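Take a look at the structures below.
Okay, so chain A shows up in both of these, paired with chain B first and chain C after.
Here is the complex of A and B:
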């Protein structure tokens, strides 16, 4: 027993009585700090599923790009379009998310999510006059798709409905802030900055298409 | 000393000083540390490396940098609407070139095209050529294909394609912005001459890279 004690701890018995009294609680506390599992690109904030859902949006680049592009596009078309699109995307994101949560399919629709922010970025860069219904319809469509994937990921990660509510809240706040900024930027030379942002988003989407269809992918 | 005086989670503090239990606790700590974590499907890796690689790639080669800032210089000389049209068009056309590179579609003379782009754009700025908007966009777009292709083919292994693209597009856009920002001196009294001199430097740099490609 003495030999066994000396080998792993590396101390004499006389010193060991003091040192092991520190080592044992230290080992216990270290064990408490060890992460239990690594979730699929879902951040464990440590504050619970609601905050995990919020952070999910900010570490999921396709969702972030879609929300930004859609909010900017809606904002450039004025107050009425922005309000309608916000409502549509939040409701659609919630409905899609709930469907994803219930069905929980193990799907990764990278091509579709890439296509959605590529399309919105290109429309933003082109800055064409789009009917209000078209912008709202686009908002509902991307809300359904991305919400569905968010719901499926929430189910897979075990954060469930509360996590989905967190991501929905993040989408609502971010889209509102960005579209409000875009409405105020829609006049004058600052509109160009919004269009440049759209061209960047579209360029990222085009590059992603190349990435998806690269040899050996 | 705290552990000696206060019971924590129901363990008598003196018990931890017992050699057998201490060894057991220390051993259990090591086992937990060495325990394999659950590996979930589609766990993403390489995001940070991808973003940084994408951000650094356009600024890692002086030939890219010269052409990117020259686009901004020329846009500033041409004024609106070319001032904003070129930075909107360039990233999208460059991304098409990047897509071709990523997909493994070969493009002949990529390095030559990049060097010639610096020569041509530098010459445009030096001569303060007032090209029509369509012609300026076509020239810039043509060279953007070569720059994009080079970026697309040089994507490092193991990095995230999405984050590489975000970094790469952002860095390119910021280089344009730097060029436009410097080009704002065009409205100053001696600004046009300084800007033309900067175009001359871009032209010289382009000639150097052209010589390196041809040698």
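Here is the complex of A and C:
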């Protein structure tokens, strides 16, 4: 399984459970930058596999950042591109996820998933006038890759199809909200803020890749 | 004219945001609506090494859930288990003897790992402060007084409330129905506030033991409240009006009183000292409100996002949420009435 991180969420519960969510920003960044041991079942919410699937997106840095970067990138290109990309990523995530669920491969693609959000972050920061088809194509590509891994992880974690549906729903909702925000911010000086977000995402990608390929790793 | 078009567009966007919200949050638990009441285990040390046990087991589909506390092997029951129905659960009492005491001992709720139910465990030792733990399917064991396994006290009720609303699909579906009916932000505010005030009143009344509603007819009535909203949603689509459409807050308040009794089922205060009940009630209610607010804000945020992205949906997709509310309300009403009649 690919590397991912665990973040404390929720409230303090009894044994073996998540801790309080008083995360210092530094601890958060450290957690983001240090890929942990492969672990399919990242969060057991206790609410069932659907909610586990939702939580999975929010504690898996490459998935979260790729969705954010893609939605921001598409949003900057206007609502038509955002709509197309949204549709592409949701369908591709679903198809990829289903394939991953069926085949359940034990793969480690950390470099690829990190590279995908690094690339999107860089494109977002550069704010290049990409053709609509290219943005939508990128959406489909990252949707297939990340969806495939999500499906494989859902299978390995035993949360199966329902867990995959949960993560797909989370992707759809998050991408919709972020795309709409980016469309609203695309005009004027606020566009710079979106580009800055892209540069941060790219920077996190560079740091993660550096960590992955450090000497002796 | 432009205002009407904008209003219609907003209504459609809200409708579709509810499609997403329905799919995202509700669908997986449709079949288990209202079967997620928490259990409660109280251990009160009467003399050193001897405990009075109170075990309230929730019901599922009208039957006692297969949950039982597992104590250290050296512990043994010194009296037979007395059992009686209690609201939406079964109350069991017996006495337990543990020669070495329970401090540092492990207590597991057997069978909990196969459910989505939580159990509140309260332990009163003779020479220590009371301990309260919340255990669930992912963590069915507590080590009494262990470091790193903090006793939560009444704070556990905050989580219970949040969990109860998020998994209580019938309550959320009612809120969804209201959102489909309301026409403007001011009415939305009034309506959500009225529902909140009303269910807070009856939640408090039921928790403090001043009044109660029998579970079976209450559940059927809650289902009826959801079914009631179905035709009203259709009227909104057709551009018609009714008392509910003009004054949705009144309906929200009236039915909110019913839903409050339903929320009370998630708050088991049996065995809690009287002094702790108000705080538990407050925190549980805050948890419910937080979950409800999160749900409403999510829908509103999605509504706005659909408008910004100019997403247009096919007619059938726009109508789906209304039919989902009406159909599920009808299904639950028939199912619960059938159970009420002993079917």
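Going forward, the second predicted complex is superposed on the first by the 176 of 217 C-alpha atoms of A that agree within 3 Å, B and C clash if a C-alpha of one lies under 4 Å from a C-alpha of the other, contacts with A are read in each partner's own complex, and residues count from 1 in each chain.
Throughout what follows, a contact is a pair of C-beta atoms (placed from the backbone, for glycine too) under 8 Å apart; a residue touches a chain by one contact, two chains touch by 3 or more.
All values reported here derive from a predicted model rather than from experimental measurement.
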{"item": "First, second, both or neither for A:195, with chain B first and chain C second", "value": "first"}
{"item": "Contacts of A:180 with chain B and chain C, given as first, second, both or neither", "value": "second"}
{"item": "Winner by number of chain A residues touched, once chain B and chain C are compared", "value": "B"}
{"item": "Which of chain B and chain C A:169 touches, first, second, both or neither", "value": "second"}
{"item": "Shared contact residues on chain A - chain B and chain C", "value": "13, 16-17"}
{"item": "Of chain B, residues touching chain A in the complex", "value": "3-4, 8, 13, 16-17, 19-23, 25-30, 32-33, 35, 37-44, 84, 87-89, 91-92, 94-96, 98-104, 152, 155, 161-166, 168-170, 173"}
{"item": "Chain C-facing residues of chain A, complex", "value": "10-17, 44-51, 54, 79, 82-83, 86, 162, 165-166, 169-170, 172-173, 176-177, 179-181, 183-184"}
{"item": "Interface residues, chain A side, partner chain B - complex", "value": "1-2, 4-5, 8-9, 13, 16-18, 20-28, 30-31, 34-41, 61-62, 106, 108, 122, 125, 156, 192, 195-196, 198-200, 202-215"}
{"item": "Chain C to chain A touching residues, read off their complex", "value": "20, 23-24, 27-29, 116, 118, 133-139, 141-143, 149-150, 152, 155, 158-159, 163, 166-167, 298, 301-302, 304-306, 308-311"}
